[in-house]
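Each of the next two complexes has chain A plus one more chain, namely chain B in the first and chain C in the second.
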Partner chain A sequence: MASSNKKINKKDIGKLLNEWSQEFTVFVPSRETGTATMAKWDGKDTSFLDWYRNTVVSPKANILPPMEEMFHFQKDKEGYHIELPPLDGHKQLIFGIRPCDANALAILDMTFNDSYEDPYYLSKRNNTILIGLGCTNPYDSCFCTSLGSSPTDATNVDLMLTDIGDEFLIEAITDKGKELMANISLAEEATEADEAKAKEAREAAYNKVTRQLDIKNIDEKLLASFDNQDYWEKIAAKCISCGICTLLCPTCYCFDINDELLKGQGARFRSLDSCSFPVYTKMPMENPRLEKWRRVRNKVCHKYEFYPMNFDVIACTGCGRCIRLCPVNWDITQTLDIVPAKA
Partner chain B sequence: MKDGNIEQKLQSEAKALLESGKVDYIIGFEAGSLKFTTTPLITNNIADIDRLVINPFIVNNLSVYLTEVKGRVGIVVKGCDSRSIVTLIQDKQVAREDVVILGVPCPGIIDLSKVERLVGKDRDELDDITRDGDRVVITVDGNETEFPTAEVLFDNCLGCEFPTPKEYDVLLDEFSPLVAGKAASQESLEKLKGMTPEQRWEFWKNEFSRCIRCYACRNICPACFCERCFVEESEPQWISPVPRWQDNLMFQIIRNIHVAGRCTDCGECERACPVNIPLRSLTKEMYDIVDDLFGFKAGMDKEAAPLLTAYALEEAEDFIR
Partner chain C sequence: MTVTDISQGKRFLAQGNVYLPHIAVIEKVIDETPGVRTFHFNFKDEKLRAEFTFESGQFGEYSVFGVGEAPFCISSSPTRRDHLEFAVQQVGRVTNALHRLGVGAEIGFRGPYGNSFPMNFLEEKNLIFVAGGIGLAPLRSLIWNVLDNRNKYKKIDIIYGARSPSDLCFKYDLDSWNKDKTVDMVTTVDKGDESWTGREGFVPQVLEQVAPPAQNAVAIVCGPPIMIRFTFPVLGKLGFTPEQMITTLEKRMKCGIGKCGRCNVGNLYVCRDGPVFTYAQIKKFISTEY
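On to the complex of A and B.
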């Protein structure tokens, strides 16, 4: 049976991105700013195909930006006049999102598209096309396979690309993806041999993920260990309470809201916040997470205990950024490895 | 002495300190969970002591934990870290009698980012990195390549003036010689100084545009010991919590002024930064300015008054008297 998938030569990726640029603002992995992010396609540079493993700043930033104006206002004798900015609904296409980061967006959707539908998030999310690119060279900090995923998992993208040598195999996952695939001028039909190569590539990538985490009953173990202060103090000892792991985590979404007013004019902003910071929970009378171990506990439990309780899914996709980027090598897989089975 | 022998000596000293009750905690390094990393080990358990390591990857300045760990502490320090402890003593954040300083004469620490640039591979793709004096051998896909050690050390290590701890209770090895790399250590700074003010402004604007305000630079820094940082003040609000480049830059400039006279050029702020902002170019310039203006180097003498926070009745200027 002929495959319904297509393929494209790697040297044609630049042309493909230019085709897509007609309709979308195209984002690709880039190091232009001095660190790896998803940046606007410049119309020519495809060198990321050689160096890209994953970005430091995840594509979460394209949907839930580090800072965002919610509305602006003016103050006069009659009071405040609020003006809502037009919701950012431009069509964007993120090329090369990794499965872990695409899965993370599906996890964020559960919070932002719940009983409260967040217009800022959803206006961007609903106008975003995700072109997944399977990993061929996962980091030693990656552990997606322990969370039921894989380096070539296509579940949460529109179109999936798998490296089969000189070409990428293209699979359409969603209706939007099917429509896109039908219109790629440079794509050819994939053959059975291409499918076989893709299968091999998927297996090879899967086996390259060496970091393992046993998540069996992890939420129950964490629940049982919630009051085990000794365990949490030990786990938290070396943490410096910076915001790297949370701010760069593709599933962390906490934000802070601030009004800025100057000479009768102002705006309300929201910007990412982190539960690692003591001020995160500061209240007039007290701070329930003044001690570091309570903050570390919250971070771990939010992902592996509370999110499963609320949405039946672990809010971690094993992207490994929190391990890779931590300046003291605090490692969540080690933390979870030694959660006491009983408190 | 070889790293292995220093390790043995360290482990027996640390064990003796815990056993005798001279300290409540040991703060040192153990092997990290990623290739070529170490991670802080903070323990009161003698059984953990065998895990202590000394190798060319002991990056952290562990003195950052001193204001937090309760009780008496035995702590492993390199030259720059020992000076951080001295500044903490000068600022009365730490009492000398509460710390037992286990000094490591430091031949310089390997900067994995430099190794990555040199061989064109990420750190987890390398088989091995070994140092033998002034040569480093990097093994990739089974092939060994030799480089001068100076090419892979952190910039601050290349310019290190005091590799052997100034203040210690136990010195774990012979005095360490200086690494010859003064010029290389100042390279990025000199490049900035060669720019016009407009170019420099543009440079920092770009750098601070990607700051995510994680405060790792502040939290990893032993000189940033304030219980309440100015960025967290809301009345007045000195800095907006919204991470615009202007506020990011102001935060860093103020932080830099606050650590003047305390910064020992340990380089941890720059190393910790997840988005590669060259923060040491700011802190090292301040370090040099402090030296030029006041003839003062941080953390050299625990009896000396701190540079900018001491007050005397005989002050020359009226406004302060």
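On to the complex of A and C.
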């Protein structure tokens, strides 16, 4: 049986990205700034194919940037006038998004679509094509398989690429993906042998994720332990409230809104915020989460208890950033391993 | 995927964007206490002025352009549509900027957001309003709403307290409710001054002395968190079930529509799932999170 999938030689990825650049702003993994991010493709460099495991800054930054203008305003004799920046959103293509980060966007969609649609998030999200790239070399901090996913999970991308040696197998997942695949000039039909190699690659990658987390009844355990201050103080002890786990987390979305003013003109911006910061909940007279253990509890419970209560899904994809990028080696999997089953 | 329409279909979006404020003009400023002012305002846009509706208990996000945005409940009643009101205690950046504004100044408003008091549930019931300080602001919208439809409700008790006589807000309302023979009004202060001839004592204690029967009653509570925390146990002692205790909560907020994250009490967002809650809904988390 002929496969409906295609394949492309790794040497041709540069040409493929050039083809896509005609229609989209193409983003690829880059270390140009010193930190691995998804950056605009420079038109030639494909060396990321050799070094790329995952970016430090997750591709959520392409949809929910660290800072963005919401509107600007100015005052004249008639009063204030408010102007929206253009929201139509340029068409962007993110090449090489990992399954964990693509799954995270599907989780963010729930919040930003819920009730009032968020025009800033959705205008970018709806104009973004995701080209997934399955992992071949997961980190020891990765635990996607514990959350029902895998390093080659194609659920939430448009096109999925799987490393089969000198080539990538290409699968079209969505209608947009099918359209894209049909137009790749350098792709060839995948053979049964290619499919077999892909299957092998998927299994190998799956088995390389060694960190395990038992999520069975985790929301119920957390609910039962909500008032267990001893446990939370122990868990929070080494946290320094730097916020890096939340700012880099692909499913964290909390934001702040602030005005900037210059000579009668101004703008309102939103920027990422973090529940790790005491000021996040500070009110003039009081602060419900002034103590560190309450903030750590909120972070953990939001992902593993509250989000499941509200949206039936754990707001964590096991990308492992909060483990490998934490300056004090705080570890979500250890935290959840020792949640007391009862209060 | 859960998609709930928390706006109940009532969306008054500026330029179709939920984060854009409407321009509104301040029409009157009332000094309530040395730190609290009430602002009367109306939308600049005539069409919106005519179309805008809200329910008692809902709030808005108010902008002072260039300074920022902050949430306040709409303190006037939807039964009185001539203008809208909100009350502000001078405590932070945005509230200080608001206090500097006078009649004619332009502010931004987006909303109304949040749920509202369960009007159908309150009908044919005895209502006990328990408020402290500026916590009267959201209840005031409901009290006038109820009084403007007086025959739908049974006995009405209002227990209102503040730290000192000068901290009592809405004195013009307190006067009308005192004179209203269909309302039992008790005003108390934590500590009186030389001219104070009324009651002294904290709101929860006074509530215990007044001891309204729980039979066919609903208590609606709003005040500083410490007052709310001490009021629920008193109501419990009086025989009120958690479903008969209603409160409206305040938290630091930014977006007002359940996205920016910070106002949660457990899995509930005060802006999106509240601000009106029964004690039954929040008792799991309120002990430590509020």
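One rule holds for everything that comes next: the second predicted complex is superposed on the first by the 340 of 343 C-alpha atoms of A that agree within 3 Å, B and C clash if a C-alpha of one lies under 4 Å from a C-alpha of the other, contacts with A are read in each partner's own complex, and residues count from 1 in each chain.
One rule holds for everything that comes next: a residue touches a chain if its C-beta (ideal position, glycine included) is under 8 Å from a C-beta of that chain, and two chains touch if they have at least 3 such contacts.
Keep in mind it's a predicted model, so treat the numbers as computed, not measured.
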item	value
Contacts of A:Y116 with chain B and chain C, given as first, second, both or neither	second
First (chain B), second (chain C), both or neither touched by A:F71	second
First, second, both or neither for A:A205, with chain B first and chain C second	neither
Chain B versus chain C as contact partner of A:D256, first or second or both or neither	both
Contacts of A:E305 with chain B and chain C, given as first, second, both or neither	second
First (chain B), second (chain C), both or neither touched by A:P284	second
Superposed model, chain A: greater residue contact from chain B or chain C	C
Which superposed partner A:F226 touches (first chain B, second chain C, both, neither)	second
Partner chain(s) touched by A:S141 [first = chain B, second = chain C, both, neither]	first
Touched partner set for A:G79, first chain B, second chain C, both or neither	second
Touching both chain B and chain C, residues of chain A	256, 258, 260
Interface residues, chain A side, partner chain C - complex	70-71, 73, 75, 79-80, 82, 84, 87, 109-120, 223, 226-227, 229, 253-261, 266, 268, 273, 275, 280-286, 288-289, 294, 298, 301-302, 305-307, 309-312
Of all residues in chain B, those that touch chain A in their complex	32-35, 37-42, 60, 64-65, 68, 122, 124-125, 206-207, 209-210, 212-216, 218-220, 232, 240-244, 268, 271-272, 274-277
Touch list for chain A against partner chain B, complex	33-35, 37, 53, 56-57, 66-67, 137, 139-141, 237-238, 240-244, 247-248, 256, 258, 260, 269, 271-272, 274, 277, 279, 292, 323-325, 327-331, 333-334
Interface residues, chain C side, partner chain A - complex	1-7, 11, 14-21, 23, 44, 63, 65-69, 91-92, 95, 106, 108, 224-225, 250-252, 254-255, 257-262, 264, 266-267, 272, 284-285, 287-290
